[in-house]
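Two complexes, one shared chain (chain A), two partners (chain B, chain C).
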Partner chain A sequence: MELSLLLSQLFNGIATGMLYVLMAMGLTIIMGTMGVVNFSHGVLFAFGAYFAYLIAEKTGFFGALLLAPVVVGLIGMVLERALVARVYGKDPLYGLLLTFGLAMALEEVIRIGWGTAGLPFSAPGFLSSFIDLKIMFYPAYRLAVLGFILLLIAALWFFLERTTTGKIVRAGIQDSVMVGILGVNTKALFTGVFGLGTFLAGLAGVLSAPMSGIMPTMGDNVIMPSFIVIILGGVGSFWGSVTGGLMLGIIVSLCIQFVPAVAELSMYLVMALVLLVRPRGLFGEEGLFE
Partner chain B sequence: MKEGKGTQVSRRNFLKLSGATAAGAAGLLTGGLSGLTAGPREVFAKEELKVGILDPYSGPYADSGREQTNGALIAVDEFNRKGGAAGMLVTTFQEDTATNPGQAVQKGKKLIDEVGVKYIVGEVSSAVGLALSGLCQEKKVIYMSVGCHSDDITVGDKAHRYTFRPTCSNTMLARATASYIADKFGKKWYFITSDYSWGHTGRDAFKKVLAAKGGKVVGEDLTPLGTTDYSSYLLKVRNAKPDVVIVSLYGNDLVSCIKQFNQFGMRKEMQIGGPLNGLEMARVIGKDNNCGYWGMPWDITVDTKGSRTFTANYKAKYGKLPSWRAFLGYIGMHQLLSGIDRAKSPDPKKVIVALEGHSFDGLKANKSYWRDWDHQCIQDTYCGRAKSGAEVKDPDDLFEIVAMKKGVEVAHTRAENPVKLEAL
Partner chain C sequence: MIWSKKDILRIGAVAALFAVLPLLLPKIGSSIPVGTEIMVWGIFAMGFNILLGGTGILSFGHAAFFGLAGYATGLLILKDRLPLVLAIPAAVLGAFLAAALIGALIIRKRGIYFAMLTIAFGQMFYFIASQWNSLTGGLDGLTGFKRTVFLGFDITPEVNFYYFVFGFFLLTLLFVKALMNSSIGKTLVAIRENVHRAEFLGIDVKKYQHFAFVVSATFSGLAGALYALLLNFAFPELLHWKTSGDAVLMSVIGGMRAFFGPLVGAGIFVFLRDIISTYTPHWALPLGAIFVIFVLFFQKGVLGIFERGNGK
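For the complex of A and B:
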């Protein structure tokens, strides 16, 4: 076993895990604030990719990267106002059923709009080369995605920690009823949070499109790992999502290298283990699942 | 999809459906009405021939499923235009299997028990095809396993008397493709294999050819169906430094893997190939990433009169060129209907007898025929090279056939296949 291969897998695990971090952050702020388990997050991820395809024809990749997530965020806000808002405060099962149904319906919308076949989509030319990392040659695009998501995490952190709006969002995750009592317009807060969460899903979709291709089912394959990430990290926890995403990426990568037979199972095993030892997740607050 | 929604409502069908009762009273009186091309006598004479089409319209193989169904409907049109099969107009009932054996069997039972179909045509996934094959044998319903390539469909104890396979087996594809790859690009191979029946038999068929040529397996991995990120697997492959990576993946899985193979710059380091690739995937892979050597049951570049006609008819109806999935759907449905025609009866037993041993124009250079002892369609089998970059002249100009083997050269021999089909 060469050290360079081990390091390559470790690095690749971090890079692939970053996409889950992005997905999990959106899920976790929605779940933390409104208590809704958003199963339509996966299909909104796919929407991000499809809108990127549409927009990129006019503006190129970077226009799509900028605009497509905004469109998805707006769709998210409309969905929140029209449908999701109706299940707040009800049994979590209602939210689950609603967003699950929404996911299936929206996937059909993709099939009707763009067909069942996948669509070709490539990274911009200058990012389709490789960079010598000494341990291996790594696709420039994947490195760029890694760097971009790191920057985004920093920006999100700044927003949540240092701005007033961010503080309200965090307070909402802690106790949205109290935030309402204190005079904050929770209706607007919830819509905004749902929009931010779905914006992140759309962004993850755009970033993933050049790597894995665009297809109607692309959301199905990321939704489960994303839920596992927030269960690992703890619902509502910012650093929990980051840690959980990285853990998942690294564990799956290393399993593929050393024990490929359990690669698919490994994430579920880790989740079961964490739930046994610490049901609230590594960084979770007491109360949500306890 | 609702029952009968896929029904091809030709003018005659429309007459039959909407006018049957009215025609009963009025038919005799208006017998001479000149506007009706199908005379009232024909309206009375035509019976309905119900054929079930089971293909995946959702899930990872949705696109292939749609193409197969489209191809099958071309054959239905062809028969209905000349008055149907054995004098009966063909009505199709389409259901979505979603590449799920459980769902497929449930839909199959519905078609057989509730709609009353005696024939089922379709399916992409061999795992689903094997489940349908078992069901149809039990229900005494003919099953045209249109696009299932796992050897098991016609080899060994899972093969059935009521099941026919219009496409090549994995072994046929591997023998046509693997020897070409081994001779040209080297004999150190790494295997990435989709973890189910089709993937396994594809890999095994390639391994057999490799062993016979004295080659070496330098590594292998099984990947779950629906995998989207192959980067960790590709890092392993690169580290093993094979001459060729043999990819037994299909549909979205194959698209993701080949895209990432390109992204990691591995195209300069090794060759890629496998049992199957085709237009509907290559279009998504994109011309810049399109690469490798692949088994193909057919291609639009097969230059025969039959192929040209089929391609033109398909283009006229759907506005795009057919993939080999569409070809298989056409052949499967066409063979079933012409079998019914020759048997002059809708009785599945008689149709089976009419099909067994029958030789026909399978739109290829050499004649195709149904082997009576395993129900494998013996036919020309191709190795295609995926074109890329500047050599791609139009969006569908994505493959070039580089090798062709006659069916008998590549199919299992009787000694290799211990099958014993049930008595009728």
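For the complex of A and C:
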């Protein structure tokens, strides 16, 4: 086995894992704060990519990177106000059912709007080359995505840990009823959290488009891994999502290279194993949904 | 009596409707296999609802048992040349055993985590079916088997197969009703209404939930075996979590607290899909939207609306 092959798969794993982390972060703050398992997260990821495709025609890649996730976040906020907010406080199963139906309908909206065939989407010119890392050549775009998401995770961490709004969000994950009693406008908080979560899904969609192309079912390929990441890391846990995402990305990428037959199976095996042995996940707190 | 007079009348009425349905379907521009499909999904959803509506547990993994039995039926006919009278029970037994094993592993988890675990195990089956090319035909699916005779009864023609499925369908209705009328069924409902109280009463909650999981999965298996025979085809999507979602959708739209709810949901699902798909390939959009509306505003489903109309 060549070292460079192993290394490049490892890098691929980290890059994929980073996308999972973005998705999982959005899902986990929504799940932690409102108790809603958002099945429509995958389709909003796809929306991110499709909007980027539209916007990039006018503004180029970076305009799309900036705008498309914002549009997705706004759509998320509208969906939250109009639909999701109605199931708060009910059995969590209703949130799951609602967003399942929503995902089904929205995926069809994509097919109506853009057709069933895949669309091409390329990285900006200066990132489409390969970079010499001495031991191997690696696509510049993937490296850039890696760095960008690392920065983003740092920014998110700063927001959640160091700003007042972020502290309110974290408190909401702990106990949203108590936060309401303390005088915070939870209605606005919930809409904001849903917006932030879906913004992250849209952003992940834009970033993944040049790597894996754009198609209506692209959300399917990331929604399940993202759920698994949350289960691995624990609901509502920041570092749990990061660790879980990286673990899963690396495991799947290495399997694709060395035991392709079980590549997709592997993540479900990992999930089942963790859930059976440690249901709250690696970093999760006891009690949430358990 | 395990069935009340009212039960017999209601099930008899539904049976009478389905008995004459093959005569009606061609008249409204539909076809007999559509009726067969409604009964197959009806068996799937009615069984599934023992778990969802009956005892309040959401599974997104029952397609695994549906598809497992579908593939098993095809393979037993194709490779082992088993007669149908053995192949179908063997396939259903396979679903039963798989559910008993998986249920034992996951039944202790609650709510969302349970639903996620059912997806995880279901997807394992899905990937095995789509990757194990030499056995299952991979993503192309399993073809080459055909339904022929069942104990001397030729079920190849569409009408004959319709009445063949009708027999299983009727047995399913009777069994599910008898189960929900029995003390076991009452215990399941008690667990759904208040787990803690059921525990205080000394009920072994997990045992009952496991039982409901296995029984519902066995019906998924029966439906899957019949579905594979209807199409003479088994394919990976049968096992996908979205197919499990279809069973959930049928139960919710029809009304998961009403006995015939899942059957009504299955009928609506098949008809809507067939009607809408003659106008547009995008039937999932209206269907998804209808589902959302039901989850938000009509949580008792179509039959729940009627119930309200009766002033109950």
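Everything that follows uses one rule, which is that the second predicted complex is superposed on the first by the 289 of 290 C-alpha atoms of A that agree within 3 Å, B and C clash if a C-alpha of one lies under 4 Å from a C-alpha of the other, contacts with A are read in each partner's own complex, and residues count from 1 in each chain.
Note that in this section a residue touches a chain if its C-beta (ideal position, glycine included) is under 8 Å from a C-beta of that chain, and two chains touch if they have at least 3 such contacts.
Note that the structure is a prediction, hence the values are computed from the model and not measured.
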Partner chain in contact with A:271 - chain B first, chain C second, else both or neither: second
Partner chain in contact with A:176 - chain B first, chain C second, else both or neither: neither
Which of chain B and chain C A:122 touches, first, second, both or neither: first
Which superposed partner A:141 touches (first chain B, second chain C, both, neither): first
Which superposed partner A:191 touches (first chain B, second chain C, both, neither): neither
Contacts of A:221 with chain B and chain C, given as first, second, both or neither: first
Partner chain(s) touched by A:8 [first = chain B, second = chain C, both, neither]: first
Touched partner set for A:87, first chain B, second chain C, both or neither: second
Chain B and chain C contact sites that coincide on chain A, given as residue numbers: 111, 261, 264
Chain B to chain A touching residues, read off their complex: 57-60, 62-63, 66, 221-222, 224, 226-229, 231-233, 235-236, 238-239, 252, 255-256, 259-260, 263-265, 280, 283-286, 288-289
Chain B-facing residues of chain A, complex: 2, 5, 8-9, 12-13, 15-16, 111, 115-123, 128, 130, 136-139, 141-142, 211-213, 215-218, 220-222, 252-253, 256-257, 260-261, 264
Touch list for chain A against partner chain C, complex: 37, 83, 86-87, 92-94, 96-98, 100-109, 111-112, 224, 227-228, 231, 261-262, 264-265, 268-269, 271-272, 275-276, 279, 289-290
Residue ranges of chain C in contact with chain A within the complex: 58, 105-106, 109-113, 115-117, 119-121, 123-124, 127-128, 131, 241, 245, 248-249, 252, 281-289, 291-292, 295-296, 299
